[in-house]
Each structure stands twice: as C-alpha cells, then as structure tokens.
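I have placed the structure first, in the form of structure tokens, so that the comments after it can refer back to it.
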Amino acid sequence: MHFDSFSDFIAMGGHAFYVWWAYGITFTLLFTLTVVSVRRKKSLLKEIAKRAQHEDKLKQMRKDKKTNESKT
Amino acid sequence: MNPRRKKRLTIISIIFVGFAAVVGLVLYSLSQNINLFYTPHEIIGGKEDTGLKPVVGQRLRIGGMVKKGSLTKNNENLEVSFIVFDATHEVTVTYEGLLPDLFREGQGIVANGVLAEGNVIVATEVLAKHDENYVAPEIAEAMKKQHQKAEKAKTSY
Amino acid sequence: MSSLLRAHQLTCIREDRVLFDELSFTVNAGDLIQIEGANGAGKTSLLRLLAGLSLPYEGEVRYQEQAITKCREDFYQDLTFIGHLAGVKGELTAIENLSFSLSLQQDNTDNIDNAIERVSLSGFEDSYASHLSAGQNRRIALARLWQSTSKIWILDEPFTAIDKAGVAQLEQLFLDHIAHGGAIVFTSHQELQIANQSAQRINLEDLI
Amino acid sequence: MWKWLHPYAKPERSYQLASTLLPWFAISSIVLLVIGAVWGLAFAPAELYQKEYYRIIYIHVPSATLSMSVYMAMATAVLISMVWQLKLADAAAAAMAPIGATLTATALITGAIWGAPSWGTSWVWDARLTSYLILLFLYLGVIALHNAFEDKALASRAAGILTLVGVVNIPIIKYSVEWWNTLHQTATISKLSAPSMSSEMLWPLLTNILAFALMIGALTLIRFKNEVLARNAMRPWVRELAAKVGDK
Amino acid sequence: MSAPQSLSYRQLFWQVMHRDLKVAVHNKGDILNPLIFLVIVITLFPLGVGPETNLLTRIAPGIIWVAALLSALLSLERLFKNDYSDGSLEQMLLSPQPLFIMVLAKISAHWLLTGLPIILIAPLLALMLHMEPLAYPALMITLALGTPVLSLIGAIGVALTVGLKKGGVLLSLLILPLYIPVLIFATAAIEAAALNMPYSGHIAIISALLVLALTLSPFAVSAALRVSTN
C-alpha cells in the first residue's frame, strides 16, 4: 500500500480533484454505455415481439377475407 | 482491350501513382521540418537549411530545456525569467503568471510569446513538456546512488 | 441456350417487410415479361434489383449465368433501364438530353433526328426540357429505346403520360425488339394489347 | 479458413457463440478492472515529478491506445464484409462504433484533466490532440450514418465507406508525436524491451490495458448480439426469443 | 443496329463536365450564392471584432479559410442532389463506363464553379482584411491546392447523404472534421509566409492531401453513390 491512511488516499497528495474527476468520468461513461447496451436487448426483443404479433394479425385478416370470398 | 481490364488497369495505376506521390510529398515535408516550435539554436542561428531567423516582434513558440539555476523570481509580482537551452544555444524567457506544476529546472518546456530585442522571449504562456519516462522516486534515488557510486569508483582509481 | 438474365432466389425486404421471398425466374431472348402487383407490392424494387441498382437481401441476379455484381460493365453494355424518374435535365434541350444519355450508354448517336421524330418531338429538338410537358419529357427518355443496341430493356411504367398513338408506337417497338432477339421486363398499370398477346406475367402478390 | 468459418457465419450460431463467450469476458474484465484500479490508485508508487496525479495514466493510456485498435478492428470488419459479403461482419462493425467513440471521449477528457496540472493547459491545438479529436468526430460520423438509414444493411455499407476513408487518420495520430514537435510526449511502452517506465508502474498499466481490452470484448459481444437480433428480426429463431420475452 | 461507340475516358470526362457546366449556367444562383455568402462573412468580421488593423492582419488567413470552407459546404449539396432527384444519377450508375471518371468530372465541374471564384476573389478579400502583403502568394497557392480538396472530400459526404431527407446537418458532421487538416496547414503556411519564413513544407503537405483526395475520393464517392441510391 502506497498511502499511509485512507484520507491520504482520498487526498491524492493534493491532486484529488484531477485524479478522481478523471476516474469518475471514465467509469461513469463506460458504465452508462454498458447499461444502455444491455437494456437495448430487452427493448429490441419487445419491439420484435410486437411486430410479430402485428404481422400475425394481418395474416389472419387476409386468410379470413379469402375464406369469406370463397364462401360467397 | 476489354473494358473490364482497361478499367482495372487504370484503377491500379492511378492508385499506385497516387500513393507514390503522397509518400514523396510527405517525406519532403518532413525533411522541411515544419516545427510547431523553434529551438534556441534556431532562434539565434536560424533554421538549418535556409538560415532564416525570426525577426524581433515575431510571435513564436519556443521549446527547450530550462537551464539549472537560471530561474529568477521577482517577489513583488509573479514575474519570472529563466534560460532555455538546447545542445548549442540558450535564450532567455520572461513570463508573468503562474508556472505549471511540472515546471522545474532541467525539465522541457514550450512557451508561446514574442521575440524581443537581444534574443529575449516575452512569453504569454508557458507549458511544461513531459517526456515519456515515468520513474518512481525510490528508483530515481537508487539510480542516483548507483551513479554516485560509479563516479566514486571512477575517481578512486 | 443459356438465359440472358436470371433472378436466382431473390429476397427483398423493405423496412422489415418481406416484399418477396426466394423469387426465381429467367429472362430469355425474345421474352416480354410484365411484372404485376398492387401499389407497394415491390414491382419497382424488383426492377431495381434486376438492374443492379439495389442489392437483394438474399439471392442474386445473373447476367449470362454470371452474378451481375461481377460483370457490371458487360451487363450494362447490354441493358437499357428507364425508371420512374426520366433522368431528363430541364436545363438541357431535348437533343442534348438524348445525346448525353445515349453516349453514357455507349449507344449510337448518329441518327439522332430519327429517334426524335419517332417520339413525335420534331420541332422541339432545341427546346429546353423544362419548357416541355410531362409526356414530352417522358418521350425524351423513351427516345433512346429507338437507338438502343442493348438486348435487355427494363422499363418501369414506360407508358405513363404517353398518349394513345405513342403507346401504339411503343408497343410496335417492343414487338420489333423481341423479334430481333431482345428481351423486355416492364411494369404497367394500363391494359395493353401486346400484354394480352405475347407477354408472360409475374404477379408479385401471388408469391406471398 | 473459409470452410472452417462457415458454420459460424450463420447468425444463429454466432449469436450462441457470443452468448457463451460473454460471461467469460464479462467476469474476467470486471475482476481485472477492479484489480487494475486498486493497484494503480493505491499500490503503485508515486511518480518522481508528477506525484500522485500521474495515476490518470492508468485510464488514459488504455482508452487512448485501445480506441485506435477498436477503429482498426472496425475497419477490418468492414473490409471483410465488403470482400466476402459477410453480413455478420457488418453487425460487428456497427457494434464497435459506440464503444470506440466512448473510449475516444474518455481519452480526450482524461487527457485534458491530466494536462491541466502537468502541462499547464487542458488543450493545445497540436498534431496529436487535433488528429485525435478528428478520430472522435469520425466515430460520431459513423454512428450518425448507422442511424440515418432505415435499412440496416444499407446503413452499414454507408458507414463502412466513411470508416475506410477515416483509416488515413490512424497513422497520423500514431506518428504525430514523432513527426512533429508536439507538446504530447512520445509513446511510453512502444519498445517492449526497455519501456520508459519503472516496472512497479508498468505492471499495473499493463493490467489495466488488458482489463480494458477484455471489457471492450464484453461490450462488443453484448452489442454484437443486439445487432444480430435487429438485423434478423424476421427469422423464426429471433421470433421465438422475442416471444419468450413478450410472454413475461 | 450499328456497333456501340466506345468513348475514351478523356471524352467521357469532358462530356460529363461539359454537361454539368451547361446545367449550372442556367442556375446562376447556385454559383453566386456561395460567393456572396463568402463575401458577407468576411465583411462581418471587421464589424464583429473591430476594425483594428493589427488584429485583422493577424487573423486574416484564418478568416478567409474558414469562410471558404463554409461556403464550400454550402454549395456542396447541389453536387449530386439534382441528379439524384431527376433520375440522371441512376442513368450514370447504369452506364457501362467507369463511374469514377464521371464522378471526377462532376467534382471538377463543381470546383470550377465554386472553388475557382473563391481563388479569384481572394486577393480582394485579403486586401479588405489588411493581410500582410508578403502572404498573398501563399494565400493563392494554398487556396489553389486546398479548394479542390474541399470539393473532393465534400463529395464523399454528399454521396453518402444524398438519399437522406435530412442530410444537411449530417453532411457537416461528416465533412468538417476531414477539413481540419487542410485548414490547419493552409493557415500555418500563410502565417509562415507573412513572417517571411519558408512554407514549402506546408505546401507539400497540402499537396499530399490533394493527391490523396484525388486518388481515393472518386472511388469512395462511386461506392457511396451505389449505396445511397439503393
């Protein structure tokens, strides 16, 4: 361990501002990117499911139409 | 010649000639040494190939090492002056303001300013140039000792 | 005899909608093929795929049994495509427009007056296209068919804005072209005589 | 090589492969990131001149070098997709762009924060910094092109052209510090035999670079999976996956 | 039917360029507007920063170049937009002739209509901004070498965005970063010239950029056009 105490560690020899800002921004950005990427999968699958349902409905409607036509 | 082969041949020759020309031009420009800053040698002696010297009143950027023991501070205001040197020449730089943290004698700096009479540069901005070496203090200490030992060993002969 | 143009298992998807799936057909010399389907069925998309203007999602188009992406120069030498947009510049005269598009296509520009006459534009040669009507603009674009040396014609709605006499002339030209070993793929909303007589039809709606 | 690769060129197989690889990358990168951060921040010695704030190097250097590697990887993927018409390579390229952009932004920001105390300025318009800023803009342009086109395949081809044009910038960034007298120092670990760094500082730096690389791998896998899903939305296997989510 | 007439590449180039110039003559506004924009931007500067001669002398190269860059951006859209919307671009893509020659011809026409006027008017603008007399040759050389680069690189961006409805903002995002090197080396060269220092190194770099753009851009543009007309 390079630092003598925890407060020394936080103080970073008087340059706490620079060091912690740099680390903070970096990890915030990377973390945000990760969260966004992971969430995207769920929303994507939901979108696809919705579209699939929509298409099924259309197909069903077309089929109904055809059977009606053949009846008359 | 069929059109396909004609086209291919044209493309290949264009690309070849183009890249050769680019490489040639870049090499030429590098030989011209478009420095983003002057060295003290160039301020006093002029650029190597052309001998052109900057004129008094010219805005320029200078880069070099701060000479050990040359830093003088004016206690009343923040005015400092120091000598910047390279392998052959040295010039004086004066500056008013706070120096960057890394600024110390023996370190490299870059300064923006105006050339005044007598090869003095009145700087408006002083930046410390760090080199690619990173040394832990203990190691530096140890190296110094090693060095001293070696010196001693030399002198004892 | 090998086919001129072959669609091999073409799949086309626009905005996640499947327009057609694994569509295959061949175009031989002497063929007149009409593509049918309602608006939005993918007629234009199919023609653009055949011309190599857009890439299919899957499958490929082959010119003389070779993928068209691998032999663009040869294929385009042998193709005349007239799309929705006429490709006529309003700032140029009728004759300038025609001679430019002919030379792009490496077609004959010698007998250009003849072509102008055929599309009933005599007297308008030196008028700017922007001063002419929509039908006349269309005729400028079509005029190049009379000069064309290419075998394959792909025409998107060639009869739009053309009057009756013009349609008849064009139909005659179609028949001449296929009689000379050419092939035509086209779309049209109009009821055509030749379509009933000698055209094969591909209906995109039946495919889904 | 092509024959061996072929089964993986199927979207479903590659999706599964990405799914099995992902946990390994994710876990190892998290572990190494924690080790690297603690080692760099707390255990590595202070630097002779820069004291404690040189510790920014442990995030600045990994983001900077790897953002360029990501660009080259992206360009390679584009090239593969163009030569072999491999759609999965497009998905990979699209997955990498936002990661590269984030890393480039991080490198620029940490560089600016580091420059303030050490050089005396956060920003200078010299060759290294400017060419690196252009890299960020290139990434943003690629991302914008990916989003501008409705059709994913089309978007990939458009973005691919810009990616390849931008490759010109990479050697300029890399050699700018040697070609011109810039304020930025030259590379620290360019020569592996004799790095210009004490070994107690070098090891945590290498650990961090490895950690960042693994993290980039994990992120690429996550985003690659998304891209594969989006590009194969009409496939039955994607529909099945979607149906499972929809039911919940 | 007679045998197809094959054009040589040179004929093709002239034909396409000639056509573009003819079309442009009819739309005089397209040529004049960017030029007027350039002049207005340059006259705004002395009004904005104050007419102090020393200051203007110092920033003149930068102002002229930034203005030239923006006016190039303004004029770029018409490079392919009209051809795209009336279908003649499609016809070019379907020609058996190599597309990159036609693209190069169109870019050349664009430069003749927008780049050349800037070069011709530049001495006047420099005079308005009290530019150092020593720097005039450098200004002319950098503009002569640099404005074609602007057209060549710009064409890539336009080709990529021509099919998009909201291509304008995207175009500037794609292109302006690629313009930065030209701007930097051009202004550096003019500044060096103003101080009576050699600037052949800068000129060599701008020339390298020009050759690189000339080599790569026609192919990149051709590929981009095939994508965006899809």
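A, B, C, D and E label the chains in the order they appear, each numbered from 1.
FYI, a residue touches a chain if its C-beta (ideal position, glycine included) is under 8 Å from a C-beta of that chain, and two chains touch if they have at least 3 such contacts.
No experiment lies behind these values; they were computed from the predicted model shown.
K.L.:
What is the touch distance from chain B to chain D, in steps?
P.N.:
Counted as steps through touching chains, the separation is 1.
K.L.:
By the touch criterion stated at the start, how many steps lie between chain B and chain E on the shortest route?
P.N.:
Counted as steps through touching chains, the separation is 1.
K.L.:
In contact with chain C and with chain E at once: which chains are those? Just list them.
P.N.:
Of all the chains present, those in contact with both chain C and chain E are B, D.
K.L.:
Between D-E and C-D, flag the pair that has more C-beta pairs in contact.
P.N.:
Spelling it out, more C-beta pairs touch across D-E than across the other pair.
K.L.:
Which chain has its C-alpha centroid farthest away from the centroid of chain C?
P.N.:
When every chain centre is compared against chain C, the largest gap points to B.
K.L.:
Can you work out the whole-Å distance between the CA centroids of chain A and chain D?
P.N.:
Computed value for the inter-centroid distance: 18 Å.
K.L.:
Return the distance between the CA-based centres of chain B and chain C, expressed in whole Å.
P.N.:
Chain centres of chain B and chain C, defined by C-alpha means, are spaced 66 Å apart.
K.L.:
Could you give the separation in Å between the centres of chain A and chain E, each centre being the mean of its C-alpha atoms?
P.N.:
41
K.L.:
I'd like to verify one number: the distance from the centre of chain A to the centre of chain C, where each centre is the average of its C-alpha atoms, in whole angstrom.
P.N.:
47
K.L.:
Scan chain E for residues touching two or more other chains and write them down.
P.N.:
Residues 6, 96, 212, 216, 230 of chain E touch two or more partner chains.
K.L.:
Scan chain C for residues touching two or more other chains and write them down.
P.N.:
Each of 16, 55, 73-74, 77 in chain C touches at least two other chains.
K.L.:
Provide the list of chain A residues touching at least two other chains, using ranges where the numbers run on.
P.N.:
Residues 51 of chain A touch two or more partner chains.
K.L.:
Which chains touch, pair by pair?
P.N.:
Contacting pairs: A-D, B-C, B-D, B-E, C-D, C-E, D-E.
K.L.:
Report the residues of chain B in contact with chain E in the complex, numbered from low to high.
P.N.:
Listed in rising order, the residues of chain B that touch chain E are 3, 7, 10-11, 14-15, 17-19, 21-22, 25-26, 28-34, 47, 49-50, 52, 54-55, 58.
K.L.:
Within their complex, state which residues of chain E touch chain C.
P.N.:
1-7, 15, 19, 22-23, 25-27, 82, 85-88, 90-97, 229-230
K.L.:
Which part of chain B faces chain C closely enough to touch in the complex?
P.N.:
3-4, 7
K.L.:
Quick check: in the complex, which residue numbers of chain D touch chain A?
P.N.:
Contacts found on chain D: 37, 41-46, 51-53, 55-56, 59-60, 63, 98-99, 102, 105-106, 109-110, 113-114, 116-117, 215, 219, 222-223, 225-226, 229-230, 233, 238-239, 241-243, 245-246.
K.L.:
For chain C, which residues are in contact with chain B within the complex?
P.N.:
71, 73-74, 77
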